[in-house]
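Pasting the structures in now, so scroll down.
Same chain, two partners: chain A is paired with chain B first, then with chain C.
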Partner chain A sequence: MTFTLTQSGDVSIVEVEGQLIVSNRQELKQKVLDALEKGARKVLVDFGRTSYIDSSGLGVLVSLAKKMRELGGDLRLANLNDDLQTLFELTKLDTLFQISESRERALESF
Partner chain B sequence: MEAAPALAELNVRIPSDVQYIADIVDEVVRRCAAAEFPRRHLTLNVPVALTEAISNAILRGNGEELSRSVHVRARVDTVRLEVEVRDEGDGFDLDLCTADPTTADNLVREDGRGLFLMRSLMDRVERYSDGGNVVRLILHRP
Partner chain C sequence: MTGDGASVDRLRREAELATRQLIESWEEINLLYSIGEILGRTVTLSDAAATILREICDTVSAGLGAIYVHDDARGVLHAVAALGAAGEVPPIAVDDDESLVARTFRERHPVIADDATPGAAREAGVRRGAMLAVPVLWTTPQGGVPLGVVTLSAPKARAQFNAGDQKLVAAIASQIGTAIQIDRLVKTSVAQERLAHEMQMAHDLQMRLLPAPSSLAPDAECAARVEPAEHVGGDFYQLFKLGQGRVGVLIGDVSSHGYQAALIMALTMSAMAIHAQAHADPGEALAALRASLADELRETEMYLSICYVVVDPAHGTLRYANAGHPHAFVVRRDGAAERLAATDAPLGLGSNAPAVAQVPWTRGADLLVLFTDGISDARDDAGRVLGEAKVLEVVRARRADAPSRVVDGVFALLEGHMGGGVPADDQAIVVLRS
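Here is the complex of A and B:
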């Protein structure tokens, strides 16, 4: 379970490796909040190496998206596998987030 | 009806600390994989629903009090997975506590998706008390 932060132009990319669940959600939240503190306003969360997400993980994404919007920024998602896509569809969170099929597409969309 | 013979069982007690969840989930998934559950059960249904059940027990049932424990019993056979997650809390009404997270108001909430996901991803979710508070998850192998 690791979160790697990289930069592509003015977009901060967080890659989630392993699970995003109740035991590590705070780590992701802090990573993104630290980036916001440093001025980031475009954040992309890349789930290409993510195994599964629980309700706490989904909740932290909702919370961060809200925070980003308050600051005039945008949080977008990319690379959801079929299982993660199902999870977002079940909870209708696919209607709340802009989700791209690849990192490249997501970067173009900002 | 007599239950099918167990292919694998797990019986473990943990302190109320969310750091223990992933290892137990991995163990149960491994047993389901050995029993040839379909891939989607192994990558979505079991890990997500079980994570929800255990984290509920730790956070809500036991209020994260380390002195309180959570007891997880899993049984896998040729027909189904059955998991019981027992905490030391007062219990809750499954139907009253399950909200629809897809309504406009709830969609933007940070919480309130756990029971919904558990019930969406398992064939049956039951709750009962036997001196402790127990949530039972059942998933049939197709």
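Here is the complex of A and C:
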């Protein structure tokens, strides 16, 4: 389970490899907060290599999204697999995030 | 002289030498023996340390002595025993450059200092003239771990400590290391026992907050089960008799587990007990609940998925408001499972008042099934998720049975899937027929 941070123009991209769960959510949070500290205001979380997100993982995404909005920034999501897409729909969390089907689409949307 | 005579002489000389060595070592042997006795008898570290220190000072003829123990949290060495010291012995910072005690601890090597060797002001109370400082080590397969320092000072009838004193104190220091380690283990064990007891009480208390499914009789037949992943958890359910045969059923899942989640759960249940009776409409009840929890959820960065269902068999309706709860179903007489889809995002995330939806309800035939993701996301040894479909299969197969049989079937499925593994998340299910 790793989080890789890359930069594309003014968008910071965090790729989540494996699972986003209770035991590693703080690591993701810290990574994004560090990016915010350095001035990042557009963050894209890419779930292309993510198999599972538990409820605490969802909680971290929401708390980061709130934090970014307060700072005038934006956190968007991309590349959810079918199961994860269903999870976001079933919990109505799809109404709270802008979700793109690919990294490229997401980058264009910013 | 014959060969026999020479042998006898040699043996006699060896015997004399051994006797002399034994006499010379007697005090040391006696000291080690006493310390073995002390460690066997005493319970507290300070008692053991004080007695050991007295024995050492007597044997080595030192007027002053102290045993310092490392306090990792504060980064200091504090005296657990001091002999001959005037007043309180202050703690010494591990990184104190002037202190002989701190240096001995850091370098894990004994120091023999004479009268002229400078030292720190903080150790002046346990030093008069020469000083011998020896590290207390706890030996593990990975090497020696420093636990503290033994110091002796004010040698009687001589100016300096010698290598023999150092050797003796080093031997005793390892015994003191054992005492310190035992003391730590005992303290940890007592603390763990107390914690385990408190956790069990918290678990019992939380389980008592959950209503008995029989409380809905005779309006409805209900069964429920909650299994927290830790001693306390964040999954819960609530049942309400609303009059005229109507019943309210709520399932909730706080976004984490453990104590914080349990507190949010308790808060939710107490608020909902009021709102369910005050608002006949499930959407209004959840809107009121949202307002009650808003501050708490914002401060704790937590959220909760919650589905509140009001079944009205007399009017053949089921009305519900669902804030982000993914697993809520009505299983019909023919086995069709109809999802009670979320009408809003979980509480603490969305900002709209939860909308209300309505589906038909057939008295005595339909089954309401609410469960949390701890059940559908349970993993087997290989990390494979159980999945919602398998849970629904069991429910369908037992849909004509009593609700308790449905709950038993789901948990049998879970246990078979997890193979005795520890659940990663809380698990809760409520099944109701009305």
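By definition in this document, the second predicted complex is superposed on the first by the 110 of 110 C-alpha atoms of A that agree within 3 Å, B and C clash if a C-alpha of one lies under 4 Å from a C-alpha of the other, contacts with A are read in each partner's own complex, and residues count from 1 in each chain.
Going forward, a contact is a pair of C-beta atoms (placed from the backbone, for glycine too) under 8 Å apart; a residue touches a chain by one contact, two chains touch by 3 or more.
Being a predicted model, the structure only gives us computed values, none of them experimental.
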| item | value |
| --- | --- |
| Chain A as common anchor, with chain B and chain C clashing or fitting | clash |
| Per-residue contact with chain A, leading partner among chain C and chain B | B |
| Partner chain in contact with A:R105 - chain B first, chain C second, else both or neither | neither |
| First (chain B), second (chain C), both or neither touched by A:V22 | both |
| Touching partner for A:T91 - first (chain B), second (chain C), both, neither | both |
| Chain B versus chain C as contact partner of A:R49, first or second or both or neither | neither |
| Which superposed partner A:S63 touches (first chain B, second chain C, both, neither) | both |
| Set of chain A residues, in rising order, touched by both chain B and chain C | 21-22, 52, 54-56, 58-59, 62-63, 87, 90-93, 95-96 |
| Residues of chain C defined as touching chain A within the complex | 253, 255-256, 301-303, 305, 323-326, 341-346, 349-350, 373, 377, 385, 424-425 |
| Contact set on chain B toward chain A in their complex | 18-19, 21-22, 40, 43-44, 47-48, 51-52, 55, 59, 101-102, 107-114, 116-117, 120 |
| Of all residues in chain A, those that touch chain B in their complex | 1, 19, 21-23, 51-56, 58-60, 62-63, 66, 83, 86-87, 90-93, 95-96 |
| Complex contacts: residues of chain A adjacent to chain C | 21-22, 52, 54-56, 58-59, 62-63, 87, 90-93, 95-96 |
